[in-house]
Amino acid sequence: MTDSLTSSTGSVPAGFDSGDDTLIRVENLVKHFPVKGSGMLARTVAQVQAVDGVSLTIKRGETLGLVGETGCGKSTLARCIAGLIPATSGSVFFEGQNITNLPRQQMRPYRREIQMIFQDPYGALNPRRRVGSIIGDPFAIHNTATGGERKRAVQELMERVGLNPEHFNRFPAEFSGGQRQRIGVARALALRPKLIICDEPVSALDVSIQAQVLNLLADLQQDFGLSYLFIAHDLEVVRHVSHSVTVMYLGRVAESGPGDQVYDHTRHPYSAALLSAAPAADPDAAAERQRIILTGDVPSPINPPMGCRFHPRCPKAEDLCGTTEPVLETKSGDPSTHLTACHFPVQTGEQMARVSRREQR
Amino acid sequence: MSITELQYQASQAESAPVAAIEGRSQWQLTWRRLRSDKVAVASIVVIILVILFAVGAPLVAKLTGHPVDTAYTLTGENSFGNPVGPGTHGFWLGTDEIGRDLLVRIAYGARISLFVGLLTTLFATVFGVTLGLIAGYFGGIIDAILARFFDAALAFPYIVLALALASVFGPSLPIVIGVITFFSWAGISRIVRGQTLSLKEKEYIEAAKSLGAGPWRIMFLDILPNLLGPVLVLATLYIPAAVTFEATLSFLGIGIPEPAPSWGNILSEAQPFYAVAWWYVVFPALALLITTLAFNLLGDGIRDAIDPRTERLFASSKAMRKRGKRANPAQGDLGQPILVGPDIAVNQSFLSGGEV
Amino acid sequence: MSTVRFLIRRILTGIVVLWLVSSATFFLFFAAIPVQDVARNLAGRAASPAVLQETINYYGLEKPILVQYGHFLGNLVHGNFGNSFYYQEPVTTIIKQDLPATISLVIGGTLLWLIAGLAVGILSATRARSLFDRLATVGVLAGISAPTFVVGELLILIVYTQLHQHGIGFIETGYAGITSGVGPWLGTMILPWVTLAIVQAAVYTRLSRGSLLDTLGEDSIRTARSKGLSERRVLYRHAVRSAMTPVVSQLGIDVGGLLGGVVVVESVFGLHGIGQQVVTAITNGDQPTVIAFVILAAMFVVVANIVVDLAYSALDPRVRIS
């Protein structure tokens, strides 16, 4: 099934050799949402510190997995990068160009380069529009194809993502969850972007369908040389697709580095807890592994804890953690790409689970 | 065979259960439901007849041989100078106080009524939807200012404004159209604004933004299609309201000026003749009632066809039992509120209810 | 927020609204058309050049528009609406004469339509899907579809004319002041009240039926029933009370329109109230009366809305006044 889509990918790898292989660089990004008081002259009474000084880079053709619990600010970060909401401070560079808070018209060319796939395959598709029109939207907005040309392009896209091209006249309601997510993928793919931000693209899907969609994303990455910012609350999903991983906690980066480093030499207790929570494919391994149960809820981002933001829930926390904020830095024996923000990082092989399931009871 | 092809087949299997539904849109479903609704179909037939009656008014004049403005002082009035009754001297529905053919005048009156009703509804819908979208989508200060306008237009007694305008400029058709439009758009705006507020938070709106779609494209291509149902229902209910509006203004002498016949000014002229010429009141009143009732029933039918769970005004007992006890009728197809009952009630009372 | 503060704020906004309406009125009647036309509108179509000049002097129509505006507002504050050339009397005198009929109509009509609408609505809700309910439903639709003046005319045709042809003279058109006896007063008021009630009650029937059906399905009502309270007590103490809130807010919307209803009903029945007076004034080209009516109407809407808001918050403690 070689078509014009796959054949046109020849142009993409060309960009690979252009020296700098950094596609997107986020520097010290901050996003605070004001909390308004009630009344007529609603004053700002507090700030939700959704994202508080996050830096990351994504290389061409690679996937960065962004992991954290619900409410840690990962979706907010994604929307700032996509230019959907203005950042409070910090910068986003795309191919070296600062695209932070650009006005809509100036942002337009970059919209073609950065696309998004959304979490909810039901909410992300307009129920009153036909699939052909939804997938054709990018062409219409950017005036790149019209009439029969657009229809052909839409059908090629549908075929490419594994949908029946004859169904372009249907409504989203007539598709299953997995198929809808494919529609979302086709729409994101339409303008041949360089970066696709996947905001928990499979967490709303059935486990059996998850793998299909993940495989599709992997195929597309190979064919088109795409970069992904892959957001998930589940480290295990990210493991399969990511070249590097960033773990976020309460608006800050806890740990980041190449995938094998973060998974095999986990340094941050929070990352370790997330990893231990993931269901393992091998039941024997699961039995062996001790689960680290985090106590308490995620604190409010309006009033985050002093010092290390994780310390109230951390099994390794000591006095220092409550007073001094740890710096994101390379820990002993790690490669320079592996950064951890922790005073007492987990050592390789350390049994960290002081609070095991049994003790909890 | 590539992986994608395998996936394609997998997804084919996945889609098997839904394959039976062949690309049928919401509107096709709505239309099918509407067609099976006897009351709605009857209303459509009545409305088409009224439209034919209005369009064919010159034909009616030709058939009876009585031009609309010709006063038949010899045959059209009795010896006391009063109107003659139905069937006398070839006046099928009788005559008015100066001996003009009542049937022909009612036919020409239908033209004015429908013209004003349809045109003002069109204007009000276009303004109302546009301003409602703007207020709801942009929010902030624009919304605050427009909201004041909605409130003012909804709270202000329209007859008072019509009185003031007629007093300064004299009654005329443009004033009638202007006043009715001015007092109709706000109701549509308010509902469109409310729906827009909730729709703009949907993920597909964010998706459109991430594609680079501008605000106007989002408003009219992404939000509006989701609002067409309620807007259509409202528009259908505004037509009879506007017809009533026009008739009331003309009745008070601040609407369509004489000698152009309007159902309202015919009824106004009929006032002194209650005791001697019942037909002079009854026939134009019937024309008005039948028309407004048909549009109201159709509006109800459309609402029911769009969302079968809503409360009906006029349903057969069988259908009522079948539907059983209904829950809150505010929820539409995909969990979006389609139409809230009381809103319609509000608008109806505002327009066609007793304030008129 | 306390009720007093709410009241003060509402009164202040009300004053702003009144100022806006009177300003709009001023510019419509005095500034939108040439001075000669203004004078002719104010003095009547048949006015002689001398009278026109007198009118121009009286109103200061040749002074700068802002000076005129100041005069206009000043007069309003003092309750001076000028003179009606048609009756050669101050407009305030005319309005005072016509007010009793209008007040009788408004109060009686509102009471009748509320009682009728709520009674039918509650009966329909408690006997949902019964014959009564279905008949009421048909009646509601007819009421909503029927223009006020058509209902009025048909009532005259059917009731008044028929009674008179049979020599029964209790029901009369026109207006008999209450000073001429309760009987004659009722005779002139019944049909206008019924007219208002027929067209208005429909909406209230539908509203109270719908909200009562909703309320009766709520948990709190089930709780009340399970406590062993009698059905009557459940219905009236619990359900009806909380079902009343949409009815009251509808009333708030309707008071504005009530003025329109008053104009129409008074015209149909020849009830000599301010509504009929203003229609006559337009026919006579008697503009000062029209101006006075517009401003009174705005005043009425403002005051009535404040009253309705207070009633709303009294009825439903969940609604915070804001």
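To keep things simple, chains are lettered A, B and C as they appear, and every chain counts its residues starting from 1.
In this text, a contact is a pair of C-beta atoms (placed from the backbone, for glycine too) under 8 Å apart; a residue touches a chain by one contact, two chains touch by 3 or more.
This structure is a prediction, so every number in the text was calculated from the model and none was measured.
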Chain closest to the assembly centre - both centres taken as Cα means: B
Most remote chain, CA-based centroid, reference being chain B: A
Length of the line joining the C-alpha centres of chain A and chain B, rounded to whole Å: 49
Computed distance of Cα centres, chain C from chain B, in Å: 24
Distance between chain centroids, defined by C-alpha means - chain A, chain C (Å): 60
Footprint of chain B on chain A - complex, ascending: 1, 79, 82, 84, 104, 107-108, 111-112, 114-116, 118-120, 122-130, 137-138, 141-142, 159-164, 167, 169-171, 173-176, 178-179, 182, 184, 187, 191, 209, 212, 215-216, 219
Sites on chain B touched by chain C in the complex: 154-160, 163-169, 240, 244, 247-248, 251-254, 264, 267, 270-271, 274-275, 278, 281-282, 285, 288-289, 292-293, 296-297, 300, 311, 313-314, 317, 320-321, 325, 328, 341-342, 345-346, 348-350, 352-356
Contact set on chain C toward chain B in their complex: 25, 28-29, 32-33, 41, 113, 129, 134, 137-138, 140-150, 153-154, 156-157, 160-161, 164-165, 196, 198-200, 202-203, 206-207, 210-211, 214, 217, 246, 250, 253-254, 256-261, 263-264, 267-268, 278-279, 281-283, 285, 287, 290-291, 293-294, 297-298, 301, 305
Chain B residues touching chain A - in the complex, by the definition given at the top: 2-5, 7-8, 10-12, 14-15, 18, 21, 23, 25-26, 202-204, 206-214, 217, 221-222, 225-226, 228, 333-334
